[in-house]
Structure formats: C-alpha cells, structure tokens
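Letters are used for the chains, namely A, B, C and D, taken in the order the chains are written, and counting of residues starts over at 1 for each.
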Amino acid sequence: MASRIALVVVLLLLFAVPALAQQQPYLLHVLILCCLYAIPAVGLNLMLGYTGLVSLGHMAFAGIGAYTFAVLMVDAKMPFWLALVLGVLAAGAGGAAIGAVCLRFRTHFFMIVTLAFGLMLFSVMNNWDDVTRGAAGFPGIPRPAPLGGFSFGPLQNFYYLALGAALVAFAVQWRVARSGFGRVLMALRQDERLARAKGVNAMLYKTAVFALGSAIAGLGGVLHVSFLRVAAPATFSLAESINAVLIVIVGGAGSLAGPALGALVFVGLPEYLRVASEWRLVVFGVLLVLIMLFAPQGLSGLIESAWRRVRR
Amino acid sequence: MISIRNLRKSYGGIRALAGCDLEIAQPGIYGLIGPNGAGKTTLFDVMTGVTEPDAGKVLFDGRDVTRWPAHRLAAFGVARSFQECRVFPEFSCLENLLFGAREPESEALRLLRLINLDQYAQEPAANLSFGQRRLLEIVATFMARPRVLLLDEPAAGVNPALLELLLQFIRRMYQERPLLFVVVEHNMEFVMALASEIVVMHQGAVLERGTPEAIQASPRVMQAYLG
Amino acid sequence: MLSAILEQTINGLMAGSVYVLVALGMVLIYGVMHVLNFAHGVLLMVGAYVCHFFFTRVTGSYVLSIALAIIVLCLLGIALERAVFRPLQGNLRNQVIASLGLILAIEHLVIAVWGPNALQMKVPATSALVAVGELRFPVQHLLVIGVTLVVVAILFVFLKTSKFGTAIRATSQDRQAAMVVGIPVERIDWITFGLGTALAALGGALIGPLFLVFPQMGDAPMVKGLAGILLGGMGSVPGAVIGGFIIGVAESLSTLFMPTDYRDSVAFAIMVLILLVWPRGLFGVRVRGED
Amino acid sequence: MSRLALVLLMMASPATWAQEKLAVGIITSLSGPMAAPGKFQMNGFRLAEEEINSGGGFTVGGRKYAIELKVYDTRANPAEGASAMQRLATVDRVPVVLGELHSGVAAAAAPVAQDYSIPLMLTIPTGPSLTEQGNRFLFRVNANNDQLTQALAEFIARQGWAPLSFIAWNNDAGRGGVNGMKKLLGEAKIGYVGYFNVGEVDFSSHVTNIRSQNARAVMLLMDEEPGSLAIKQIRDAGLKTQLVGTLAMGSDRFLKRLDAQRLDGMVQYNAFPPNANLPHIRAFSERYSKKYGEEAHGFAAQSYDGLKIAVAALQKAGKVDGAALRDALAAIEYDGVIGKVKFDAKGQAHPPVYVTQWCADGKRRILHPENLKADCGAG
C-alpha cells in the first residue's frame, strides 16, 4: 500500500514541476534529459533486468528509431506523430530482426554479438552521408507540431511530452512485469532450460522482449533528437550503450523504479555537479564496480531493504 | 504410447546410444536402470527434446516427435524432472507450481499439503533444503497434467524420511490419474518398490525387460552390473 | 596487385599480432575462471603508459621498460582478480558489468593523471627500415610479429609441459575435477590473471613506439581480440591465436576492395557469420550439455 | 567573519571595486578523443581574456567590465552541448557563447542559442550545414569545409595532381573535407579514400593501397598528431607521392615531430600561417609563444579573434543584450589575427585561407592568396 501512495506523490510532484520551477528552465531541461535517458533504460531493463539479456548495443536501436524519424520528418515531410510511430516501429523491427540473430547465442557470445551489431549500426549512422548526413549530424529536426493549440516549442510543454512518454514506457514495463509474459521472462532469466521443459518457446519470448525493448529505445531516440533538434551518431555510440547498462544497473536491474532512479543519478547529478568530467567518470566507474560487489540490486534494492528494515 | 526405434547418439568417441529400441504400450510406472554410462540420461534427454539424436526415431502415440524442441514436447504432454533438480529460485513454492500449469491454484495447494510444504507456499524456493526442492520439482511436474512423466533420478540426495514421502506421493498420484511414468534411478530399493516394470540398459541399448523380481534374479543383469 | 596483397597481409599480421596478445590474455582468463574481462583492452593501454613512463623518465632502455611494465601490470592484474573478479565468481552478468565499470574508471583515471594528449615514444633502435623485396617496413613492425610468435610458442610449451601449465589447462577443463585432484585452484586463478595482464602489457609496450600512446588505444584491440577468440572457438587457446591473425589480415585485405569506412564492420561481420554457420568456432569443442 | 567585515573586504580590493565581471560562455571538449584540439581552442580564449582584462577591461554603455569565462566541457556529446548552452543561457545568463569543436554538438547548441536570443560564435567546427539552418543567432568565425578546400582545390587542379587519394578521419571534419574536394575536383579525379576512426593510428593498409593505385598526391584530413604518423609511415614505406595537408600541418611544431626532408614539397591549406611576416600574425605568434612556450596554432588564433570580436561588437551594441549584440555582430567588420572578418547573411565569416608549401630547409612559402605570395621563410 505504501508504495502506491509514494507513486501518487511522485507523480503529482512531477506534474507540478513546471509550475514550481517557473524561473528555473535549466531544472526543466535536466528533467527532460532524465526522461529521455530513462525511456531507453526501461527498454533495456525489460531485457537485462527481467529476462537476463545483457545487450551492449542497446542505444544503436534507439538510433534506428531516431534516424528513421528524422528522415521521415525532414525528407519525406511526414507529420510528427506518424513519423514518431513509424520510428518506434522501425526500431522494434530492427530489434526483432537483429535480436533473432543475436539470440542464437548464449551468455558471453550474446553480449559480444550485440556489441558487434551496435558498432556496425553506429558506422552506418556515421558513414551513410546521403541519408543520415553522416558524422556532422542531421540538423533541422523540428519539435512536435502543436496539438490542438498546445505547442511543444517552449520547454515546459516539451517537458510534459517527455514526461508523458516516460510514463507510457513505465506503464508498459509495469504491465509486462505483472503479466504472464513478464512471468515467463523472469522464468527465462532464472532457469531457461527448466522454462523450456515447461513449454516456454524461449526463442520466441526473447525475440519479443528484444523487439519491445528496442521499440521503447526507439521512442527515447525519437524524442531525444526532437528535443535537441539534431540527430548525431555520438548520441547512439557504444559509450552511450554502456551508459544505458550503467543506468539500469545503478538504478536496480529488474525493478520498476530502477531506470528512473538510474537516470536521475546518472544524468541529473552530473548536470548539477558539473565536476571536472574525467573525475566524474572515474567516480561512476568505481561506483559501478562497488554496486556489483556489494549491492547488486542497485539503488532500488537498497531503498527496498532500508524500507523493510524501517517498517519491521 | 511410447516407441523408441533404433536410437543412436554419440559424443565424440563415446557412443551413448547404440541402437536403442523400446516399446511401452500403456500407462504404468517403468523403472529405467543400468550401470553408469549405459545411456539412461542421454535417452532421457533425447525423449524430452533437450538433445537431438544422430539417428533413430521417437514416437509418442504414433506421432514422430524426434526433432521436436523441448517446449513443443511439453505442450504435447511430456513433462520431466532433472537430475540436478531445477526449480525457479526466486519464485515462491506456489509460483513454481503455477508456472506453465494446467491445474488451478486449489490443486497446487492440495499437492503442497500432500508433501507438507504448504506452510512454505509463499517462501522463495531458494530457501528450501535440497530434499524439499526435489519434492517441489516433482510435484510441479504434475501441475502440467502430463500424459508422460519422466523422472531423472528423483531419489538422488533425498534423505530416507522424505524418500518415503516421495514414494507415497507418486503412488497416490498414479492412482488418481494413471499416466505413463519413466523413472531413471540408481537407488535400487526405491525403484524396485515403485516400478511395476523394469527396463535395464547397458552400453547404449536395452539389455533386459521385466518385473522387478525377474530383473533382480536375472544373471545377465548381474553380470552387466558387476562386469 | 600481388605485391599489394603481400604487403596488406604483412600489415594484417602486424595488426593481428596485437589482437592475438589481447586475445590470449582474455582466453586464458576465460578458460580458467570463466570470466570474460572486457577491461583487458584498458590494461593494454595502461601497459603502454607504464612502459612509456619507465622509458622516458627512468631507464632509457626499451627492453627494460617492457619488463618493468609487464611486472607492474602483472601485479595490477592480480590485485584486480582478488578485489573484483574473485568475489563475483560464478555470476557472469555482474562480472561483465564490473569490467565495464573498470573500463570507465581506469581510462578516465589515465586522462586525469597523464592528460588527454597522445604521447610519443621514439625508440631509435627499432625505427630503422628494413627492405622486404621492394617493400620497406620499420623494424618495430616486424618486431611486433616476431615477438608475438615467440611468446605464442613459449606459452604453448609452458601450457603443454610445465607443472603450472598443465594445472591451468586442467582447471579450465573442469574446475571441480582439478580441485579434487589437489590443484590449488584459487592460486591458479590469480596466476592466470597475472599472466593474462602481462600479455596485455607486452601488447601495449610493443605498439607504443610504432604508434602513439593515448587513453583510447586499448578499445579497438579489445573488441577485435574478442572477435578473434570467438572465431577461434570460445575458450580454445590455439583458436584465439589463429582467430586473432585471421581478423587482422582480413581487415587489411578488405581495404583493397571495400570502402574503408566500413572496415571495422568487416571484423564483426566475419565473427557473426562464422558463429551462425559454425557456432563452436574453428577449434572450440562443444562441451556436452553446455547451456 | 562577521557580515560587515566581509563587505569591507569586498570594497577594499580594487579589482572588484573598479570593474563589474561580465560572464562569457565557452563550450569545448576538454576530455575524450577531441581533447587535444580543445586545448588549443582554450589557449586562444585564455590569451584574449588575459589581454582584455590586463588592459583594464572594456566599457559598454558607459560601464567598465572585466571578462570572466564560464567554460563547459561537452565531451563531443550533443546532449551535453544543449545542456551547457541551456545552463549558460538561463543560469549564468551570459550575453554570448563561443567555441565548440564537434559539428554535431554545435548543431545541438545552436537552436538553444536561438531560443534565448543569445549569439553562438563557432570558432572551429567546419560542417557546412551548420550555417544553412537560417539561425540568425549563429555565427562562424572560422572557414567551413568548402571554403577551406576551395583555394587548395583550385591549386591542385592547376597543378594537375590527379588521381588525388585521401587518408581521412571518419568524422565530420574528415568526411566533410573529402566531400568538399569531391564536389570541387569532380569524382573522376579522386582516387583511393582511406577513412580511419579518430584515435586509430595504423595507416599501413592505407599506405599500401595508395601505392598500389599509384596516386599522384595524397591528402591528409586529420589533426597534426595522427598527421605526423601518417607522413612517417608514408615516407618509411618508400612512397614519394606528393603530400597535401590540412590546417595544423603548416606549423613548426609539426616540423619538430618529423624532419624537413620528409615534409619537403608538402602543400597544405592553412587558416593561420604562424610565421608569415604580416604584422598582425607575427605579433600574435610572439604573444602566444611567450605565454604557452610553443608555436601558435590556427584553432587558437580563430578562438582568440572570436572573443575579441564578441567584445568589440558588445561595445558597438552599447548594452549587454543578446539581440543587440546579434545585430552588432551581423554588421561588424573586424581586422582580426586571422585576417578580415565580416559575417555574411548566414553568419559565416570569410577569413583568408592560405595555401603554404614546405621548403627543403624546413621553412615554408605562401602560394595563395596572390597578394601575400612570399618565398621560403614567410609561411
């Protein structure tokens, strides 16, 4: 019951932010970035946290969505919302196709093959000049068209779009986690051979979650480039894919709030701290190792155990 | 119900199955015994779609299921337990039973009471002792209402008290719903007490077949074991 | 065209040698501890920096600097094994993610300490040119290939004959069986880790003078080394050597007939295709029932 | 420390008393692969800042100001570029932002600059598309890829060096340069194109292909560190092909990395020949080497001019306001260290682009522009 109240309070707070932070647009900007980094993290959490699939090329699929969206919007002059849906579907399709290949491998092999596909997709984004405008980035991507008088240009309004999309992603995650589909995913993570012996078509379920995770990443990618108004390969590089893993793990893999906590810590903190950047990443690296050693359940695990200790 | 025709399977130089043939017509509890390396577990794995044979056929109720993957066989009504006792550690005992089950929750609770694990219904399976986990695994196989149930060394690592409980449970389940049991086992006392018919395997093929009493008296079986 | 193919092959062997040194270290550690250390590339980079430090600040002799770098990296490897990889034994996912954390920490620690700019390592002895037919190569070029082949040979003899070598092979075949037979498995772990990191240090020290010493130098060799390991068959030491060389040569030859901006994709495409067709790789033996 | 004492202390120190501090935004790359060029950029900004402040600051609308640089590291990541720009606009409230290295990050910072009507003055990114987005608040001091390659392409065409092959960074600078030359010289004249990732330094396979396609000349689109290695590997492999370099390869520091006979005859475009006997260049080079103990670099000169132009425009605008500054910048004509700077309608300046050539004795001669033609020792 307590967690339900906490959820409602957090939601109210999030919706009230634009009003509270009238003269603080930078806070809105940071929160928007947190949402935009949390969305792909939700997709990865479904794969890594619930199903145990450690993909090291996750942001490359966000890139498929982002660049499909950019080409449809700028070159094909398609309306924003249609291009967004097609971008997300493209990312999902890419996830299904490439996922089906990667999922023929297990444990170590799987990780390395996802890393390889991530790098291959990056070089396509970086080199295919006439479509993706290559390394200099794909400029001129517009913000969403006004929806019944509600324009998404100003920061507060884009914040609601980003927050709404993040809530959609978390709702999908919540729905999957509680559904039979989610239960099968968790079974696959615990003991794939036993799950198969109990009638689970492992390949089908894992491809489905790979596609779903990539589609959600695509949603994050589309809004990311729409917010920045430019699509650049650097946003979908191997380093960003490793960041996504870091966000999921620090937040708490396999927990509903994990991606949100991870994104807040990983994106929000440095924006505000602005500490010298080499040391920031040294700290994050060491933090990751310590979490693996002492708190594999990440922040949400720590909070849960602390909460249990308080209640008892 | 089951017919195995001329199954062959080898790992590198080792011929695990060398032309194994077996016909089982109607439900019953069959014990599958034989010295180590006789090919028992390999036969098991082939019958449950875990490994593919090099040659030969497996038929269930006349249908050729040789190349079927494990999940398709499970859907077809073939359930199994594992030699190394596999349960979902993070799921509670109840959740373990309900996973992929064709029986309602009430049946799950009834079965838990039968093996007096009902007070652990909400407890994650990881917290149980090895013997209790073994019982939980076997009980879970019944939840899928299988037509064929293959038990891979169910007695291994289970203390005598729980063993007796396991024996009673399997007999009771067989009375409630006669299905085809195949039990691979080294614990002679357990399998002889449980099985109505014994199949002896040796060097990848079926050596002898008969009632427990006949098998215990057969010189060929003695010779195969003592070498 | 023929001389171009020959020259590209030699280039490929040189690049492949670095991949082999990285791959050898990783496959040994993987075999014994079933740990895939993604931070191995970063250790190669640290090896190059340590060698550069000794060469420019302490001793002028390149060979002594290499030896010192190997010793320092050996100790670092053992420390990492005890502090990070030992406690995470058996939990594959957490090991990999911990090694990703190590990459972040170590790479940016070097940037913070040594600065972001590339360092140069002028080793007069090996920058002389040697002619191979009408082609000309700096000595360092051939030194890298030569030293790698020698190291591979020594390693094979060590693994096949010496006491520790057989203990390492036994532990990688079956950890429990090795324990039962009285092999001090935990000691073998940190010896292997030390040996693996030493190989990475050697790789870094060899390519330092040929190119530049800079924070990101270890990233590409690590990924290509991985491709080599998989090509050769996960866990097979000879496989890693052959796989590493094949990836190096294939990459160089690919520049003859393919646009070079997709050069990296060649190594990965080969890896994925081979694995699809022959998942065990060239030498890998599928362990029965391996999940 | 009681409140009163603190205020007295503030009053006492003359520096703060005399001038108000004016914050100016700087975005650059202090870490990651582009950290080396980032360092030269910062050197240029710091030199300009020091000169302005030590000269007693500057007056805008009757009030005296000293410059304070607010520097943010964007790590070649577009999201960090937009965040830095957002913070500069709304937290630090700067009237102008300068810098950036990576075209992708500049493209992410530009729209935010327009949102808050704060001019963004680029001093290094060369992606031509940046100034094509109709963003009235975007200005670029340095020449873009097409301008840089224009003079050199004409020179190469006149020399008849074809096929021209390339070894180029696989990023915005490298690919932009290759595409620029292809547009100007035509596909037929282009030979082998060897791309490599920023950070890679093994050019052996490219050298082999250049030899086997017997290219007449090879153009190196990269910074001086990998550039020196590429030339070493080309000459070590016994390749006598004509070398064509880019921006940073016309400096003495570059000479120190190699030696004269390897560079002899190499031609390169150069936004800033540090030793040319033009008064404004020579003066800057001396001040730069006095402060940093090394030879001046084009990136530093462009950034130095950027900050100086921003201050001059502020003074002309008469008030510390983004929109007013934008109009002043659009109209300004400034004789900077890199030459005359006048922004066109799209905010792109047209600084002179020099073509210099290495002489056998380690000196350089200026081949282009015509009016500055000079023999060895002037480049």
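The rule is short, and it goes like this: a residue touches a chain if its C-beta (ideal position, glycine included) is under 8 Å from a C-beta of that chain, and two chains touch if they have at least 3 such contacts.
Just so we're clear, the structure is a prediction, and the values are computed from it rather than from any experiment.
Trainee: What chain is the most remote from chain B, judged by the mean position of CA atoms in each chain?
Mentor: D
Trainee: So which one's got more C-beta contacts, A-B or C-D?
Mentor: C-D
Trainee: Indicate, using Cα centroids, the chain positioned nearest the centre of all protein chains shown.
Mentor: Per-chain C-alpha centroids compared to the overall one single out A.
Trainee: Using Cα averages as centroids, what's the distance between chain B and chain D in whole Å?
Mentor: For chain B versus chain D, the centre distance works out to 75 Å.
Trainee: Distance between chain A and chain B based on Cα centroids, please, to the nearest Å.
Mentor: Distance between chain centres: 44 Å.
Trainee: Determine the centre-to-centre distance between chain C and chain D, using the mean Cα coordinates as centres, and give it in whole Å.
Mentor: A distance of 38 Å separates the two centres.
Trainee: Using Cα averages as centroids, what's the distance between chain B and chain C in whole Å?
Mentor: Result: the chain centres lie 47 Å from each other.
Trainee: Out of chain D, which residues touch more than one other chain, so two or more?
Mentor: Only 30-31, 170, 175, 195 qualify.
Trainee: Return the residues of chain B touching two or more other chains; collapse runs of consecutive numbers into ranges.
Mentor: 50
Trainee: Considering chain A alone, which of its residues make contact with at least two other chains?
Mentor: 123, 126-127, 193, 276, 278, 281
Trainee: Applying the document's contact rule, which stretches of chain A touch chain B when the two form their complex?
Mentor: Residues 183, 186-187, 190-191, 193-202.
Trainee: Help me check something: in the complex, which residues belonging to chain D touch chain A?
Mentor: 30-31, 72-73, 75-79, 82-83, 86-87, 90-91, 102-105, 107-108, 110-111, 127, 129-130, 133, 170-172, 174-176, 179, 195
Trainee: For the complex, which residues does chain C have touching chain A?
Mentor: Touching chain A: residues 30, 36, 84, 87-88, 91-98, 100-109, 111-112, 223, 226-227, 230, 234, 259, 261-262, 264-265, 268-269, 271-272, 275-276, 279, 291 of chain C.
Trainee: Please name which positions on chain A make contact with chain D in the complex.
Mentor: 24-26, 29-30, 33, 36, 123, 126-127, 129, 133-137, 139-140, 224, 227-230, 232-235, 271, 274, 276-278, 281
Trainee: Which residues of chain D touch chain C once you look at their complex with the stated criterion?
Mentor: These residues of chain D touch chain C: 30-33, 35-36, 38-39, 170, 175, 193-197, 199-202, 204-206, 208-209, 211-212, 225-226, 229, 236-238, 257.
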